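In the two complexes below, chain A is the common chain; its partner is chain B in one and chain C in the other.
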Partner chain A sequence: MYSLLQTAAPAGPLPINDLLFVVVPYVVLAVFFSMTIWRYVKEKFSYSSYSSQFLENQHQFWGSVPWHYGILALVAGHLIGFLVPRGVLWWNSVPARLYIIEGAALIFGIITLIGLINLIVRRASNPRVRAVTSKMDVVVLVLLLLQVIGGLWVALTARWGSSWFAAVLAPYLWSLFTFQPDASAVAQLPWSIKLHILGAYAIFALFPFTRLVHVLVVPNHYLWRRFQVVMWNKRASKAE
Partner chain B sequence: MNRMLPHLLLLFAVASLACVFLAFEGREASAQTAELPAGTKAAGLDPFKTSCAPCHTIGGGKLVGPDLAGLKDRVPSREWLMAFLKNPAGTNDDYAKKVKAEFGDTMPAQAALGDNVLNDIIDFMFAGGPGLTVKKLRGATPEDIDLGRRLFTGEARLANGGPSCISCHSITGLTGLGGGTLAATVGAKYTDLSNAFNRNGGEAGLRASLASPQFLVMKQVFADKPMTEEEVIALTAYLGDVSKTTAPPPGRDYFIIYGIVGAIALLIALDLIWIRRFRNVRKTLVGGSK
Partner chain C sequence: MNVRAQVSMVFHLDKCIGCHTCSIACKNIWTDRKGTEYMWFNNVETKPGTGYPTQWEDQSKYRGGWEVKGGRLRLKSTGKGRIITNIFHNPHLPTMDDYYEPWTYKYEDLFNAPAGTDQPTALPISKVTGEYIDIESGPNWDDDLGGSNIYAANDPNLKDVSEEQRQQLQAVERLVFFYFPRICNHCLNPACVASCPSGALYKRGEDGIVLINQKRCRAWRSCVAACPYKKTYYNWSTGKSEKCLLCYPRLETGQAPACFHSCVGRIRYLGLLLYDADRIDEIAKLPPEKLVEGQRDLILDPNDPNVIAAARKAGMPEQVIEFAQRSPVYQFVKVWKIALPPHIEYRTLPMLYYVPPLLPVLGSTANQVYENGVDAKAIFHAFDQQRVPMGYLASLFSVGDEAKIQYVLRKLVAVRTFKRAETVGDIPMAVALEALKLADTTEAEVEDIYRMTSLPTFAQRFVIPPMHREEAIEAFKDPQDHKREVGFGFTASPKRGL
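Moving on to the complex of A and B:
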């Protein structure tokens, strides 16, 4: 064990590791909760992803549907690994079951990437959709793209993630939530995985300031209803 | 700007500081419990057991690293040993070169233990390891090989909750999609354990390594979920058995291909599920007017 308060710094990249994987997540959590609540209190009606479906619906299906079902499956998978790591290790105790869960995760990862690329191409190429795109939308899309590519890279190069997530990262995440942070195992992981963790922190930190807040709007009935046509009713600008 | 923002920012700042403070508070407390005086034992005994014994004995023969009996008379000086323990890879004088020529440059740096603990360990080694007993494990049986194989793939769970080997490693003879590759990302040679038996100094060395793994990620993962003696015996027996077989050339990696085929199938399924979807406003209107 080592301590950040230790006077003689140990050799190697340990202090920076503490900064990135102990201090950063707490700051991110504080930003996430305080700013998400603040936005809900102050700008309740901004909790939306601003549908652009009325402007273009030819390509939207191949973006939105694979993206959303893919990312929901992936987030659920990460969440299960965090909440019931022992259950995951039990499931993976039969190699065939391990291959099924890893194969399914890879399939969802690929359709997530396909969906996201379609959404980015649509947003960039369609002038009407582009007109309603904010700078934050661009930031979110770039960040999500890097995160999904990074996740696929980890899934392909550092197998089998479902097992080692439960053994290495679940204890790390629990150590954060129980205020006994221990990032020593994360310190030994390759940079591809560290970047994926940091990417997740970046997304959580930006969450309250972006269209991502739509995730929190309950009842989330648009998970199972069909697309509906939404007409924009923008307030006229002062110049008009 | 609204009036609430400054209050919220203050709240956020206080919350962040409180979290960081709580975090290190907890860590300090746990560090203190670990450093309680250990009765009449030599101060270096426990740290030697956890940090050195996986690869070294004192008078018990070579494991992964040299037998440390008579160390005091062998090493150039106490200061040299301290420097070497802190940074073995960076120590390259004649004596270090001689040791590395025989055992390889695999000794992990121990600087993180701190000067006090390292001094305790050096005292302990120079005194010939008082109180250090190495438990002799029973010999392996053919049943151990099978148990070891099942422990590797996860069919038999490790009693203390550690992940099975297949999570991060592969080995000759696995069917299906093969073993994990996480170990490759920390060091290419660590992924495939087909030759781990020989690499870790045979039965005694591998048993010691598994009983208290010193490998980067494994060290952290198994620190509080150690393998039991029986598991160590079984896995060593299995890895020893595999090391005798010649490895077939690695087969084609189908994982990504399955992924792409599955993704295409899923996209087709999504299209079929939404076959009656509202496609394009103008197209539908034009179609309907015909």
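Moving on to the complex of A and C:
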């Protein structure tokens, strides 16, 4: 918060840029962590992917599968840019490699969009699926749609995102996580990118109150555990 | 030897009258909530018939159970590895259309309809969408439709039956069907447990009941696809899977499960079996023709001193061993060998056994006159004319081995012959005794089978072991305190999340 105080002090009221890109992300992080944990502890029963495949099977395939493959690749891409920005810049130093990564990102973006549109159409058109659609499902799908379209817009208008993400946004994000927030670089970015960042904050803020929590409980030990699970009353009770 | 106890069951199919009392008893207790309307933890099928969900035995469609590949057991549906690709869309998941869409009627229309020239009607509305529906199937949709060319003719078990016999099954004057009540088999090698990526399903060590932890289930729905008997169900409203729990809250207080307790035909038996848990994998991998024998072999003799010693070493309470010794299931399965597992070729090692039906009881005839008891061999000749082809029963209960079905039916006929010779007297005792020999049984055994199938008391049918939960808790806490603190252990309401 040190640099925030420094930049904020002379100007009097908090500049809008700092409000949106420093104060907001901290509020979002606080909500995200406290509420997911609270929900996990208090309302564990409500952690579920709420699959609706049982109610509608075919359209679900063309929605869920491209959506998940696409979004997982995109999330992984963003994560790599955040974790090893230098590696990304090094990789991108050869133009051919830059084109590969940008092309792949664009393709995954389009796959994601197709999947998401299918999910939305399915939810709106199938009466059974509509019957299990909550208000938050609608909010999530609309937000994700805006975010994916925004992301594609950024990819098409602000070229070589993988490079400028690593050069500009990764340091910004790191500054947040190391509690020395510095949003000055973000201020220079075009409004489309700013909106994409704010969209991400909105999704993270609403995350704990939606079905998105299923992302946090994806199984991880299945590949290693023994097939059969046997629970003994004595041992299980002790563990609880 | 790793001795474990399993609460096991026998259903005597000759006695089932298809009244569905069991299904209703279960439904009223467990599945009358939103999202569970379509679930029948206990259902009673008409066989031959397609069953519920429709054609559940057709594993080329549903891919339930295990297969042996390269000397190892592998789930046919989604196992390790394949879960990564199949979690977003499970290619083998049955959908609501394979069961039925639950409905009710708009009863208020009967009262609120404006006065008119015709009678008001209550139209059916879906319990999922609330909209009007055309009912296309329902629970027991093919009830009593033996001989139907839509249902009975499409029974997957008829695959192994010759065309000629299949024709005969359809012939009106030979029409026949029997009832096949089904609950979860609480298998020794459960595919449902093995398939769950979250590890939400588990088998209880003490009694072998297979349960789903509702707080750990995340709707990955692998268990629904993996169970070859389709006995786990997906609750579309809460986003959790549910299954038969063998009424464990009742068992723990010494009561028989609701479906057992209410059974009108008194076809159901419940008791412990001891088995060697170290050999599960080995037995489940046996070639198909050895599976029935192999599973019988897995079950241990509760009177064998070695077994008792091993059980004590494994920490089994003395009372549990005693109850295992009195188990009616042990008699049916291991001593008399007249109860067989359903579709053991799915390799889950089901622990619910069936006494196959004699359908209908046949006598041998000469010149269209029944010739009871002239010749012991003739008593069994009638099997060739059984209206339900032997191959059909074999497909259900013995992986196609007709000899195993014949063995059971012979014994059942021998019991009847002997008791008839004894009580009615129109069959010479010598013939009856000869029949016993041919059926590999003795007077004493026949008497036991007769008593257990015809005259058993409640306490003889259901030998419910003490579950000893209180002792487990006692080890670290005052059971009374524990009871006050946790109740049933579920303090938040089980409702759908955001």
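Going forward, the second predicted complex is superposed on the first by the 204 of 240 C-alpha atoms of A that agree within 3 Å, B and C clash if a C-alpha of one lies under 4 Å from a C-alpha of the other, contacts with A are read in each partner's own complex, and residues count from 1 in each chain.
Going forward, a contact is a pair of C-beta atoms (placed from the backbone, for glycine too) under 8 Å apart; a residue touches a chain by one contact, two chains touch by 3 or more.
For clarity, every value in this text was computed on a predicted model and none was experimentally measured.
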### Message
Quick one: is A:V31 in contact with chain B, with chain C, with both, or with neither? Answer first, second, both or neither.
### Response
first
### Task
Look at A:F61 in the shared chain and tell me whether it touches chain B only, chain C only, both, or neither; answer first, second, both or neither.
both
### Query
Given the touch rule stated above, what does A:K42 touch, chain B (first), chain C (second), both, or neither?
both
### Task
Compare chain B and chain C by how many residues of chain A each one touches, and report the one with more.
B
### Task
Share the list of chain A residues that count as touching for chain B in one structure and for chain C in the other.
42, 54, 57, 61, 65, 69, 227, 229
### Task
Would you tell me which residues of chain A are touching chain C in their complex?
39, 42-57, 60-61, 64-65, 67-69, 127-128, 130-132, 134, 136, 209-211, 213-214, 217-219, 221-223, 225, 227-234, 237-238
### Query
Inside the complex, what are the residues of chain C that reach chain A?
73, 80-81, 83, 87-90, 93-96, 128-131, 189-190, 193-194, 196-199, 201-206, 214-215, 217-221, 224, 234, 236-240, 280, 468-469, 472-473, 475-476, 492-498
### Query
Considering the complex alone, what residue numbers of chain A touch chain B?
1-6, 8, 10-12, 14, 22-23, 26-27, 29-31, 33-35, 38, 41-42, 54, 57-58, 61-62, 65-66, 69, 86, 89-90, 92-96, 98-99, 102-104, 106-111, 114, 156-161, 163-164, 166-168, 176, 178-182, 184-185, 188-190, 192-193, 226-227, 229
### Message
Under the stated contact criterion, what part of chain B meets chain A in this complex?
### Response
2, 4-5, 8, 11-12, 15-16, 19-20, 22-28, 30-31, 34, 86-87, 109, 111-112, 114-115, 153-155, 157, 161-164, 166-168, 174-177, 179-182, 184-186, 216-217, 219-221, 255-256, 258-260, 262-263, 266-267, 270, 274, 277-281, 283
